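Shared chain: chain A. Partners: chain B in the first complex, chain C in the second.
Up next, the complex of A and B:
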């Protein structure tokens, strides 16, 4: 049976907590008893999931002869990687070193392509063209490695396992200004050095590659990523330009120490196969004469930031959900103001700050659960469908996937609480909805969905407006050692995921505090 | 602290240029219905909002059983109010409206069904409140006010929109609630709605109390000593009576209205002076007339600025 109509009051905090539970229950009853609100939330959630399923079922990555079914390789850290280069290699046992002099690094950008091959080329080396020494567990995609190299525009570097990157000597390599590089192995520990003259050496870095096989492949490598540039950006939208490139480097004074096995060099085009983004370039290969090696390669050894579909691909329905929760969040308070019901509410619960807290808690919880269902449904159903249709999906860790799904739900809930607070401040539903949608969604539309703003304005908008919160669903990290189109339209946000979300939270918190202040101060 | 169920002392409240409350002071006792009467704009609703802690007064205070409303832990168990019957979410059923209110006080579902029965909402409680007639909304508002079984009830214009049957029901219902020992404050701008139910009257105009009295006292005071005299010689009668200090007005059709003299004295004077007359009727004022008399200076038309000729 039911509890007695009037429960005995308990002293102190227990009573206060009990009271807040009463308020939560009252606000939940208010919400669930307006059928239109419940139906709107349910439909928005279902539409979000359905749009995810539709996206998954209808997107097909085109490769010659059907779907690609290209699996993006992952590095030792689980991230997506590009692992394509030309390798002049020999086996190396547990201890040894290789020293070399690089006397030139030149490149070619294939600016126009025809079915027969590059129609027009331009001699230029891209900044992240790489030539140097590499030691790798093997030629299979995503293998553990460490390398020292000269680059087209970023000086000498030591890089390892795709994401590791340390700078060495600056400057470009040329016949007049050559670079000496050395890579040495002591069991699992690899050390890279560089030198401008072959006598004074500087250690760039030491890395440990755990569980490195006793015998590895080591030698010279050259690779060169696609040229990419944002050629225009403005009212008409940004357009990116890109073209394959290849680089050629000249090495001499190769000196081997320690446990090198075999007595001949092998040329290997390391690549992910014909469906990989980097086909083996026509000019790839090497030529050895009089102790000088001329090696040409194309590709990159780096994290992959451009090729896959991010796991939030099927999440386009997020906007339906956002609009729905913003409208309902605002109405949850403004409907009471419109009809004078707020007086009934505040007469029943004179401690107004607690009423607002209860409203925000109930609305936040409902919209979080709805957002969770929508995001989880869209991603967990849509992504496997995308994969089944041959779309390469950016590999992400389970933790990242949880962050995207739970973060999207939190984004939705925070937008609802923001709308609720603005509703209390303005006491007018249409005005509150307009302002909140403008603040959250408009910047995103202008920068990411339909990028009409210049990059600097887009960057600024996504830092200072509540739309910064969309960063919570960014899947791929940005790497400074990879030239990419790090634009909002490509899924990149200027702020880190939680930092961006914190901006939205700050807006919601300030609005909630102002709403609480005004609610307590104003006559009802 | 006083024993008053509601104590209102020196309330002042200004809305922009309008002085809504100008020293409103009165008390409401348990066990009877107190009529809170005044023309529109007299400050009745504002006073009620201040009592409920909804509006903050510029000066003065209002207490429920000696405590300020906003300090009450479960206020609906101390005071129930019906301010505006239209304050509903139209798409929410009446029962769900009562349900959330009950939850906010920690009151059980059983009590919700009890007040639905008491207020005569019946099966309509499960329909959307947006479809209710004003009378049904008043009943729902009464049900909401009763949810916490409070010793104090405050109802703002509860007769509005009720059919005659509903008005009769409401009167009986309020009388019964007062008979249970509750303090019941009922506002109205029409005296006729309350003259048979209210035991005590607080008559207000322009934000302050004009009269704070029992119904019997008000009637006695307002009736005064006016007498209607029917005579074939109005001029002679007027001359005689005015000589004795009466104020005489011609009411037309051979009738005079005489004030300042008791009926017995008028009969004696006219008989002595041999002025013919056919009828002498002492005037009994209705509560309505007493009220009109009291508030004729206090009627505030919305179009007229608050600055009256008195200032």
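Up next, the complex of A and C:
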């Protein structure tokens, strides 16, 4: 039976709007009057929240022997930071500069750490070992700073306030090719320079550090992050652990200009205390002879990407919700086909594209609200419980938290619309449920939750499958100046949050367009 | 019982979807397995890789098709009303369920065997070129190797048990979409919840009771000590899930009106 093609003139906009409102009302009535669907949505939402509460109440990460209540320091921008280095410093007033020549940067990787010390050591400098000049508001964790430095594998850099990073001269430093560095302060404005010969200078960058104290600490610093061997291969392979490293640099020809106070250098081990991932290495320190400083340090001055529990930790229930809404989304039309109700629906409203639009709107709105309730409940109740259990939570801005919660709800709604469309295309509920669940959840499962795929395949899958949408709940951004384990299993996705979500939306949009086309073309 | 079996076989044989679903299950299994093998690399020569497990990655996808197929064996009849005719012809309802279970098990065992053997052959051809072969110290993918044989036979049995689990779920829930949602939820949720549970002990327990995580332990041929559960015991866990689902489905079928 083909729906009669209505030959009457196109109704006016007001009438059309009114008619669409009627359609929405019809679809809403159909949804709410199926008791099983309503119960399923409510139970899935409650389970999502309960699982969040359960995760929060049961997780006790932290120190051996109980919660350690380690607080991750935050930088001036509110992000989690690591702030550990060895510092040879002097007070500096509002104007002044320091120039130095770096003649070597070497490092040691300590593998097989035992309570007595490392089992093996290997002489190698990691790419983000840093040695150079720093100017900081103080030794307290997360202080404002600006620094110029040479690195193990990324040339000279200027970095400031943990997230800022600009490249200078490339190449490694050695006695044959030393690097000259200069850091100058003019009130709040800090400028960094580098040079290969001490005469021709290049400006790397200028930064403004607002509200910098009149007197700051400035001088030489050395630090060296953990060596991270990232292996993501198989369930048993897991991610490679880090091995502590330290770096040693030789500085000479130190020249001070301007308002330097005091007349002696002080050695300071800046660190986050015994619970921080970088304990002060036994080898950290400095000695000074004939104008040459040899400084050894360990740690990093950078955003922290490894430590805490992300705020989306208690959100595992999302998957219960996804399964529930995908089943309902697929049934929303296929059940009508099975019972023959679709013929009544299409006879009542012969403009089929509009029927589909009304269905998608109603389903999307219901699942968005359910997803919002579930995600908000799980995160807003679960995260404080996690914190109370001594888990360090990655500090995030309110905007990020809103993005994670609302994004999760949008993800759920988009999955439901995708399932609805596939259901219309296939007119077979079980097939639609299987295809959509497999396309959304299986790639995530194989790459993030239960990683069995090699890293290259995992990256590829999370770019091209609808599972890319999970990127919307990535909490911590990836920083190119930190060598971290940026694997999906650690909560990092190959696409940016909104780009990943756009991939899922594209799938849903294409499926909806095809569904609309087929619904108009086919007999009901 | 023989007549019930014959009836079920006729129904299965004459459905066009049977052939296509079996083909899809085998083809998807082989395709994903081969793609995983093609993506695996070990330049350094000492990666913690398990060639048999990589070559059988496709089971993760193939099981979904197997689950749909098994669900449709019962839910398809509820969808069309055929179930009333079936139960009129064979009033012994448990006989009907047993006949359906026997037919689907045989089909899945045959298809699974083809898919698993082809997947392993693909792995055997592809992996040595990527630094993961017998010359690099990894076990050869041949039936002569005990653990590889266990992984192969176990994967086929795993698929059959997933089919029985799905059949039981479908008999209990009737509605195809709901049954497949329940089965996939059962398979996928355990590893996801385990990953976020935040406690290693709890995660291990969840992996021990989850049908997919426990059952696919059978695919491991290296570093068995780090598995959450030993291979055959893991397969036993899936067997217990399948038995439980069939029991529930059988009870529902027996006690309920059609």
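Side notes on the structure shown:
Basically, the second predicted complex is superposed on the first by the 501 of 524 C-alpha atoms of A that agree within 3 Å, B and C clash if a C-alpha of one lies under 4 Å from a C-alpha of the other, contacts with A are read in each partner's own complex, and residues count from 1 in each chain.
Definition applied: a residue touches a chain if its C-beta (ideal position, glycine included) is under 8 Å from a C-beta of that chain, and two chains touch if they have at least 3 such contacts.
Note that the structure is a prediction, hence the values are computed from the model and not measured.
In the superposed model, A:516 makes contact with neither chain B nor chain C.
Once the two complexes are overlaid on the shared chain, A:340 sits against chain B while remaining clear of chain C.
In the superposition on chain A, contact of A:524 is made with chain B only, not with chain C. Of the two partners chain B and chain C, more chain A residues are in touch with C. Once the two complexes are overlaid on the shared chain, A:446 sits against chain C while remaining clear of chain B. By the touch criterion stated above, A:434 is placed in contact with chain C alone, chain B being left untouched. Across the two superposed structures, the residue set of chain A contacted by chain B and also by chain C is 36. Contact residues on chain A toward chain C in their complex (touch as defined above): 36, 51, 55, 58-61, 231, 233-237, 309, 313-316, 319-320, 323-324, 326-327, 330-331, 334, 338, 386, 391, 429-434, 437-438, 441-442, 444-446, 448-450, 452-454, 456-457, 460, 489. Listing the residues of chain B that touch chain A in their complex gives 49, 52-56, 69-77, 81, 83-84, 86-93, 96-97, 99-101, 103-111, 144, 148-149. Looking at the complex, you find that chain C touches chain A at residues 35-36, 39-42, 47-50, 53-54, 57, 60-61, 64-65, 67-68, 71-72, 75, 79, 175-181, 184-185, 188-189, 191-199, 202, 213, 220, 222-223, 226-227.
Interface residues of chain A, counted against chain B in their complex, comprise 1-7, 9, 15, 18-19, 22-23, 25-27, 29-30, 33-36, 335-336, 339-341, 343-351, 523-524.
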